[in-house]
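Two complexes are shown next, each including subunit A; its partner changes from subunit B in the first to subunit C in the second.
Moving on to the complex of A and B:
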């Protein structure tokens, strides 16, 4: 860089960075450096060291192993289903080798989840129909993936002699064969239903934030129906949709829970499952081949994130007004539209809620053989857990940690989103990548790194895991709030803030009174997602929490109870139901607030 | 604006306050800290029973604190101090950490220890140090076999298996997996089972058998997942440690635990005093309780279904209520097990686990394909029995590869020679596994080609 250019850049930086921004920038980067970058590097280190010196040996090794990356067409399997024993069809999906499998699953899940999420968001933001409020809550429920028992519940429902097949094939005779789903197909199916709420939440907010004047003007000019949607509504909502899609893609690539459910099939041949099972030797030493996989996983996530963001950044449109300058354009759905809407909603919900139905059935029974339903129902499991002091403590632990983490996330996440969206200085897209990175790092890698780095330090997990747990939750669930807040800032024109600054308001006052007020809906949506996911968090909770179990989160307790030999799954399911209720409550609160906001928003 | 800042702060304050409220108050009296791999149910039942005894009151023990730690962290956690007792986790774990344990010396505990035999059915129930003092003693025993789901095998026309060979036979091959097995890296109990097979049948034939079992079945990440699979009817059989089987039987008469007669062993699950404990006397009192007839009766609780190490317990009130377990107990101790050497198993354990992942687990699809082709050809009469045996032997035989121009084979001696390095050096392990995986891929391919040429040519 030439000296004059350097001077210009420095001057720009000095102009952009006021006191507030500097504080924001420093807090965010230091937290991330200490609690994400350093632990991450301490683990990934092993992937790049061979016989004592830096080397790409392990990475090359992975790519030359047909198990991970196919060397020819013959090492891949492209059959999507197969027959198993006369009256059974198993939908499996392909097997292309671990790395292509992961990308394949991520792509399919993102596409399907985005289609579902955007469709639902559009329906809910533009149409009124009976029972809308109940459905509004119901479609969010699939997001509440219940650790461990969700898997058991789902399997009980879908496996060859499980609920669905027994009902539709044996009892009702609707299906000519039993249908089983396993392998990559199962992962895509489950993930789509698990993640579409993320796209929905962000797309809904985006649709609600569109100035109706835009659509009105377009209609006046003759556009309507699908054309209107495609040329006006969709592009204006793109930042929100993009936020949801990126999160879905990265979460899908990083998802460990679903492959674990379908282990024993090709679902295992995905990057996170391989890393999870192979990262430690039985003695507890770190395997370089597994860390190489982690490095590859991270690269894929970063690449996808950057690519999508680049694509969308070329097509973003900020609006001069927000929400409604006039009346919200919600139309009452016609009878036909109602019928279609109900069909769509029940179809989606039926499949998405299978794990939850399974969990409920498990929670309210003590044994469940291979029949259609449990033999008898009881509330004994709930009585047992409410009188168990360890379980109660674990719940309060999780609530405290999640709340503390969400507070940190909201403060720092909004700051980060603001910096990335508003400050045009070098390094901001790097910051953006940095704060979105956590969701693409497998939990087990962060947990291991945190453990290694902070053992024997003031934050030693063996002395008390609480600080590390709160910090790891903060880091890991950061991106939800950041992306939502970012979408909000992107949808809001910077002229609002410029107007305030012109009128003499300080940066801080502008930030708090103008910027935050305009995007608080987005922040709330993202913050709620972050809180819910904190409560659900498994990987770091069980690794760091196990250092001192009485200070561990509820997910650690669930694992403990699950392995209890008698009635373990049933008691764990009862805990799962309570967990679900708590999270549902937080969703209800923010859904309610969002709805209020939509009609009460004041715009300039 | 103010509300938005105040509310989150309030929430945080409430959260912190809640944390403090629920912190346990300091208690008067001794709290014993026990590091364990036993599950919650065992902890709850023993804790409740023990704290009510006169013994507990006599030694002023007011609470038991259990720390469930994965095996690889035992050394770290014990090293930090504060642990009094180690309980449950299998002899391998205790032997690996033998230097962290302290011999039992008190009169009270030794009275119980001496009432327990040194061996049962050929397996050690105690471990002695150089001076002949007891360092650990078994508080429960287990055997290894498999669980059968009768609905499944009836539905698909499978005979009830009685031996490990039955599980490896072509009769157990269907279009879908029929057996559940766990990968040894992530299951210590299934590791034990593979070691039993390797010692019962010999190294080479043992691997051939394990390969065929795996090819008939499906590999899971842990013993509980494999167990769950047979309980739900996902598969027809799961290899398992005995108490999984007993628990299943109690829950569901459709499930049956089968002990392969003459082909299994008994394991003693240890309890021991930890080096540096500050409550040696109280800790020994607890250990004495666990080993006493009164304490042993807890194993017979219908939620636990474990085999006690002291047979006398079946003559008590509690014991008489469990004739089913008594029958199984007799079956277990009279089962003439194989000659099993713990030291031999340990001598190649690390290599065995890594080899399994490289050759059987990662290449599972390839293995299944070739096995299926061979069995199909045999069923169709395209190859005869002799050819069938030849091909299947070739399939599961320990692999060979070239290194520096020489041929190296995974013999038992080779496995032992590299075992320590595999255990301590993950880089070395990763490199070796690459060689084995490539060699196995080639081997499976060669078998397949051999099969094709026999079909067309022969």
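Moving on to the complex of A and C:
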């Protein structure tokens, strides 16, 4: 850039940056720099430094350890199942070493979730059939993903001596053998059921946004059926589907709750679990080889995020019409199609609702052995929880941390969204990337970084983890509110604000009187989601919280209850039910506020 | 009220030059239109005056005072936006009172002024409605009321009538002009509709690709277009290229359709024998009768479009398209060979 041009740019920046935007810009960037960028950089620093100088020592060490990365085919276990006593077959999935396992789980989960999500989205966007609205709600139930709980419920269901086998092997005699699922296979199974709604929502929006004329034109030229789907519908919806798929991939590889529930099997051999269990030395120091693992996990997820985000945005097709244009393409399903649709939906729903049914059964029972259903039902678990001071304290902790984090998220998220949407300053797209990036950063990595940076500082987590818990929640759950607020600003014409400026209102007055008044529903809805996800945050919560467990969040306490107390799974399930109700209430409120706009919140 | 001066005003967005060294002087109390096709820079020019954009180069003066670096909220302009920008969360009264409250006027006076401007735009009694309860025309008038309630120094209008249907548009623009005269407020009006611009303005700046093509009264712009862009954009014209062959008194031009005589479209044309020019002829100036000092063009009718008050003939002459408008009662049919006459005083020679 030449000097006069640079001068012009500087003049323009000065013009755009009034006092309000400077404060907004400085606070957003400094929070993200301090509590995201610097921690991530220090993770990389520790991973690449050995005895005081730059070195690939730790990385090399990990890649030369067959536990993490296979040195030859023979060190990989490629058996997908094994026979066990009592006429049982255990589906385990392979064991390729920690790093390939993580990628394998992510890939399989993404493929399965995408197939299910796209199929459902296509059915719901193109066919009308009786009871459709009820099914639509039912297939979204897995969105209520409560930490550990889904996995606990499902574990009970798919265990070799669990509900499914009791039902199909013992009672009905349909299965010739008992089939149990464990290890990586169980992680994939649980994650697929947890994440397919994300693909579904994105794909559904994409299908609905296709201009009907596109398909009508293709039909007019003689295309129909699968050919039409393959050549026109699918390619046009692809960017949306890909957005959902990549989010699934990232959530899969950063999931810590599921491996914890299936610990004791190969589910332990995943990156998040390894980092979680190895990060601290017995003296409470950070192990450098674990930071190297964190660096590897970080590069895998960031690479996926950046690569696909670029790819998707390049292929966003400009549609002539927007919104629910696709309504015109919905046709009534014939009798045969109805039968097929019902069979498919029942099949998917049967498995998708298993975890939630399992959780409820666990929460309301004291024991549940090898029988089909628990012998008797009770509310003793809930009574036990509500009288357990530690649980109550953990719950209050989580509520206050989440409230504080949500407050920060709303203030800073609204500022960031406003800047990105309204200010024409070079670097604003960078800010946009910065504040959506946390989607792609695994919680254990952020937690590791925060430890590295803030040990022996005024914010030392060993003294009190509260500030870092609140700030890590803020960073991690930021994107939900930013997205929502940004959508609000984009839907609000800038002329509304200019009209106020024109009449003599200052920037701050305009922001308060006009901008905020017009988008507060979006902000609140996004804040609601952020709050719910803060309450349910597992990875940073348990890593940072474990520095001082009595100040830890409810998710840490659940882990404690699960493994330490008699009847742990039942009581954990009861906590899960309460969290689930809280989440349901918040989601209902925020969908009510946003109505259809809610779909846009869970995409990249 | 105020005189607006734009001096070398330039606005660049990246590599795109939206406004290119524009110089305009808008007289106190006059009604000035910025006219041009979409993307010509007229709206950007207006937004520069309002202070929503910062010029890359050049200065803006209100009554000689430099306002280039003033933020929009200190410029005391009243703007009416294309989409009206009435705040949906406020009533009509709250919308209009917003600017008055900012000026800390006493409550009673605010009420009085709201009533006054609502009377001016003939919407008394609409105080408690919300914008969503108003028709497009009513919204437009409330937006105008909100802008003039603060008694701004200048009124800036960004295609304020473009969202109204054709009939309402004509009514509203007459009313708008009446209100502007009553208030005597300097007004800048952006439009792409040349008929609208001509019927309402004291003076017009025709813009294209960020540059001013011509500034003048509606008559000057229609009758003496300085260049082919203006001749083509304002009204319709048949244009034939040619070369000046003689120049004593009238200018004589050799063209494909024959030798045509006419007058230069501007006084500073500096035409000499051999200059390349374009001959521009308005369709409504053609007749079928030779009367007085006329040019004659032989042509064949290719297509007749019946409009109602007239009929438009698309003719060809030596491979050139000639468009003529004749009264509806003249009986003509496709393929007729006719001779079209046009007075030499109505034949414009535009330098290239």
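As a working rule, the second predicted complex is superposed on the first by the 342 of 604 C-alpha atoms of A that agree within 3 Å, B and C clash if a C-alpha of one lies under 4 Å from a C-alpha of the other, contacts with A are read in each partner's own complex, and residues count from 1 in each chain.
Criterion: contacts are C-beta pairs under 8 Å (C-beta built on N, C-alpha and C of every residue); 3 or more make two chains touch, one makes a residue touch a chain.
Quick caveat, the model's predicted, so the values are computed rather than measured.
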Can you tell me whether subunit B or subunit C touches more residues on subunit A? B
Which partner does A:514 contact after superposing on A: first (subunit B), second (subunit C), both, neither? second
If we overlay the two complexes on their shared chain A, which of subunit B and subunit C does A:277 touch? Say first, second, both or neither. first
Just to be sure I read the superposition right, which of the two partners does A:335 touch: subunit B = first, subunit C = second, or both, or neither? neither
Counting only touches as set out at the top, which of subunit B and subunit C does A:159 meet: first, second, both, neither? first
Jot down the residues of subunit A that show up as touching in both complexes, subunit B in one and subunit C in the other. 513, 517
In their shared complex, at which residues does subunit B touch subunit A? 1, 4, 8-9, 11-12, 14-16, 18-19, 22, 24, 39-41, 67-73, 76-77, 80, 151, 156, 174-177, 180, 183, 185-186, 218-221, 224-225, 228-229, 232-234, 243-244, 247, 251-252, 254, 302-305, 350, 353, 357, 362-363, 365, 423-424, 426-427, 429-430, 433-434, 437, 441
As the complex stands, subunit A meets subunit B at residues 46, 50-51, 58, 61, 65-67, 77, 82-85, 88, 90, 95, 152, 155-156, 159-162, 260, 263-266, 277-278, 280-289, 367, 369-370, 392-393, 396-397, 399-401, 403-404, 406-407, 410-411, 462, 466, 512-513, 516-517, 520, 546-547, 549-550, 560-561, 563-568
Enumerate the contact residues on subunit C facing subunit A in the complex. 12, 50-52, 54, 56, 71-79, 81-83, 85-89, 98-99, 102-103, 146-147, 150
Interfacial residue positions of subunit A with respect to subunit C in the complex: 8, 11-12, 15, 18, 493, 495-496, 498-507, 509-510, 513-514, 517-518
